[in-house]
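Take a look at the structures listed below.
Common to both upcoming complexes is chain A, partnered first by chain B, then by chain C.
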Partner chain A sequence: MIIIGERINGMFRDIAKAIREKDPKPVQEWARKQEEAGAGYLDINVGPAVSDRVSAMKWLVEVTQEASKIPLCLDSTDYDAIEAGLEVCKEPAMINSVPAIPDKMDRVFTMAAKFNAEVIGLAMGEEGIPKDAESRVALAMELVANCDAYGIPIDSLYIDPLALPCNVGQAHGPEVFETLRQIKLLSDPPPKTAIGLSNISQGTKEREIINRTFAAMCIACGLDAAVADACDEELVATIATARVLMNLDIFCDSYAEVYRTRNL
Partner chain B sequence: MIIIGERINGMFRDIAKAIREKDPKPVQEWARKQEEAGAGYLDINVGPAVSDRVSAMKWLVEVTQEASKIPLCLDSTDYDAIEAGLEVCKEPAMINSVPAIPDKMDRVFTMAAKFNAEVIGLAMGEEGIPKDAESRVALAMELVANCDAYGIPIDSLYIDPLALPCNVGQAHGPEVFETLRQIKLLSDPPPKTAIGLSNISQGTKEREIINRTFAAMCIACGLDAAVADACDEELVATIATARVLMNLDIFCDSYAEVYRTRNL
Partner chain C sequence: MAVDILKEKYRGQVREVVLGATKDEGGTRSHTIKVGGEKALPFLHFEGEIPNRPVVAMEIWDMVPDEWPESLKEYFKDVYNDPGAWAKKCVDEYGADMVAVRFKSADPDLNDTSADECAATLKKVLEAVSVPLIVYGCGKAEKDNTIMGPIGEAGAGENLLLGVAEQENYKSVASAAMANKHSVIAQSPIDINIAKQLNILIAEMSTPLLDRIVIDPTIAALGYGIEYCYSIMERARFGALQGDKMLAMPMIGNICHEVWSKKEAYLPADEEPGWGDQAERSPAWEAVTAMALLQGGINLLIMRHPEAVKMVKNNIDDLMKDNSY
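On to the complex of A and B.
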């Protein structure tokens, strides 16, 4: 499983301030720190409070790229901002995200084809997040079909089954695991899967153990990527361990270190 | 998932000494400690070095029962020792274990029917542990069919898919996960599943993180019980977390504490 480092996000005060003051330093520090901790991608999100999201995204992408060479995951519901970011990306990026809603899929998959980008597709439609695995998988199939129709390789699509906080949406847990498994049966090659990991523990007291236990369980169900805290050392060690137990990385005594430094 | 506390085992020096000297104290201390830590069963194993396994098992069962009321899991390849233990058990116990080999199944399922005992059945036959999930599931089916033939309820049977140490048998990992899933499709009600958790990390440096990550992954695949270290607090917290994420226990902020104290 690949970690998409979640920290360059305007929801965090230091990043919001950096965007406001056009100060690249905090952004670049987090870029380096997450890369060294084991992130394979860096999520880039201007946050909710920015007035001009287009120029903020462009700036964030540019300053991040000065500090790190790992691929970026442009995270916004404002597709103009994502497009502005893609235009300045030096390497192919990931778009985070598109729901299974026709006009949004049209906009995002058209961009993805143009910029050779990967896409995170959300298992939700006009009516929000479904309760059961079957409905999530049906929406995933719509994403797969659209992705294919726009000429994008299916394994450039990451389906997010959408985890809800376990203190309010506990019944969704087993549905998310089942969705992850079934997505791998949708096509050959199958789409990849991604998840916003920290959602599962929103509002709980023991966030870290919930995050890392959920990560291990999702990996057992075939999860390929997660937007997560790359600087949570126990989480990264758990992911490295789960990869070894899935026989995805070769065991050696220092497998956790190998996982963390594979991009460097 | 239920923890079968692994500590009353003659492989540990203090227990071997206690058996030799007929000193109930170390045994009873471990019985209480494991029960308080969250064990649902206590594994009872006289160990390899005992000359008279029958009388050692009988003694271990008797002194353990003086200290704890949770059910026992009698663990031996010597079925005379298991039978002697069953005769003095005050409550129905679990037999650990029987492979899918006809004469051994006959002996063990006959005992289980007589003493109303649960049984751990190993997914291995005359030729040892199979490499793939399909062969493990075929052996599981033999165990299910035999269990049924002896009139034992199928959900009194726990199938162990047999995990090998990840540093030597790494390719078995995904096969174990797949076996756990498929076992749940064998019958209705399905058999339960159990695993010797600590096996996975034998000979590795980072045993605890491997054990608890493997536990979380197995629970995502439907694992019901594990012979494990109930006094590993991080492991117990991980199991409690995984149960909440599987929607098996209701979330509350103190869910880990609730899990640990549910027997008390």
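On to the complex of A and C.
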């Protein structure tokens, strides 16, 4: 499983301040730190408080790329901001995200085809997040069909089954695992899967252990990527261990270290 | 409707290791030899680039190999007492791409040859041939640890391929390689996990060595568990192609060491009449062992019998013909 490092996000105070003051230092520090800790992508999110998202995204992308060479995952509901970011990305990036809603898919997949970008597609439609796995898989199929129609390779699409905090949406847990399994049967090659890992523990007091356990369980169901805290060493070790137990990586005594340093 | 042919796509590749060093690079070899670099499973040229052909090295000893069968010794009878001439014969007459020098006589139970004498022998071989060299100790770790330093020094700058580093004993060979710019054979006992871990241990001593490691996964002769070795090699190759950089080193197989200790190779026909003429049977046993392991992804073969070398080189010629479409 690939970690999409979640830390460059305007929701965090230090990043919001950095964006406001155009101070690249905190952004670049987090870029380096997450890369060294084992992130495969860096999520870039300008956050809710910014007035000009387009120029903020462009700036964040530019300063992040000065510090790290790993690919970026541009995270916004403002597609103009994402497009501005894609224009300055040196390497092909990931778009985070698009729901299975026709006009939004049209906008995002057109953009992805133009910039050779990967896409995270959310298993939700006009009516919001479905209750069960069947409806999530049906929406995933719509994303797969649209992705294909725009000529984007299916393995560039990451379907997010959408996890809800376990203290409010406990019944969604098993549905998420089932969705992860079924998505791999949708096409050949199948789409990939991604998840916003920390969502599962929002509002709880035991966030870390919940995140780590959820990661291991999702990997057992075939999860390919997660937006997560790359600097949580125990989480990274859990992911590395789950990958070995699923026979995805070849074991050796230093397997956790190998997982952390594979991009370096 | 056009048929869309499915091809496997890999994101990783085998590391390319350069052996030997020319004058410009601080050595005296006439050329260097590259091994590895492939981006697909063995010889599937249609799925990815196979940039370098597998290499055949012939083994020589620093003493008369009494234990070799007569039918094999026959080919080298005029040069046994002169490792330089022996090496030259392998290259000039028998077409060896490289020469592997085994310092067998250093064995404390044989001649217990000193490190200085080994170093002097190496220099003679370096003068006699211009191909890159592979160097093995006597196989007894305690003694090998004392000769590898001086041997590495005697060949300083030549980018020798030094063998062997093992999990419990890798520091002397790795240090000799670090100090004098050589490459290292990392040997593991038919165990993919140890193969990977050993590479990590060597890299912890010196990161640049990562691009100078050749894995010896330990091979077996035909009929003696070759399928286990094959599946380990296959697993390592899948790992490399899927992006496991710690298993992405080229691989070497000491074919002759395994084959010639087996009765199918060394017994003469009068002892086993049903097995047929030894002159034909023995090299065939060595060649078929090598050919099977070529399919498993081996990059460097160490062999003895000139006829077997000829067969295997012909086989490599065929396998390297482009089959892409």
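Convention: the second predicted complex is superposed on the first by the 264 of 264 C-alpha atoms of A that agree within 3 Å, B and C clash if a C-alpha of one lies under 4 Å from a C-alpha of the other, contacts with A are read in each partner's own complex, and residues count from 1 in each chain.
As a working rule, contacts are C-beta pairs under 8 Å (C-beta built on N, C-alpha and C of every residue); 3 or more make two chains touch, one makes a residue touch a chain.
Every value quoted in this text rests on a predicted model; they were computed, and no experiment measured them.
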Partners on chain A (chain B, chain C) - clash or fit: fit
Partner chain in contact with A:167 - chain B first, chain C second, else both or neither: first
Touched partner set for A:194, first chain B, second chain C, both or neither: neither
Touching partner for A:258 - first (chain B), second (chain C), both, neither: second
Touched partner set for A:210, first chain B, second chain C, both or neither: first
Chain A residues touched by each partner, larger count belonging to chain B or chain C: B
First (chain B), second (chain C), both or neither touched by A:247: first
Chain C, chain A and chain B - angle at the middle CA centre, rounded to the nearest 10 degrees: 70
Nearest-approach distance, in Å, of chain C Cα atoms to those of chain B in the combined model: 7
Shared chain A contacts, counted only where both chain B and chain C touch the same residue: 250-251, 253
Of chain B, residues touching chain A in the complex: 166-167, 170-171, 173-174, 177, 200, 204-206, 209-210, 213-214, 216-221, 237-238, 241-242, 244-247, 250-251, 253, 256
In the complex, chain A residues that touch chain C: 249-254, 257-258, 262
Residue ranges of chain C in contact with chain A within the complex: 192-194, 196-197, 200, 235-236, 239, 243-247
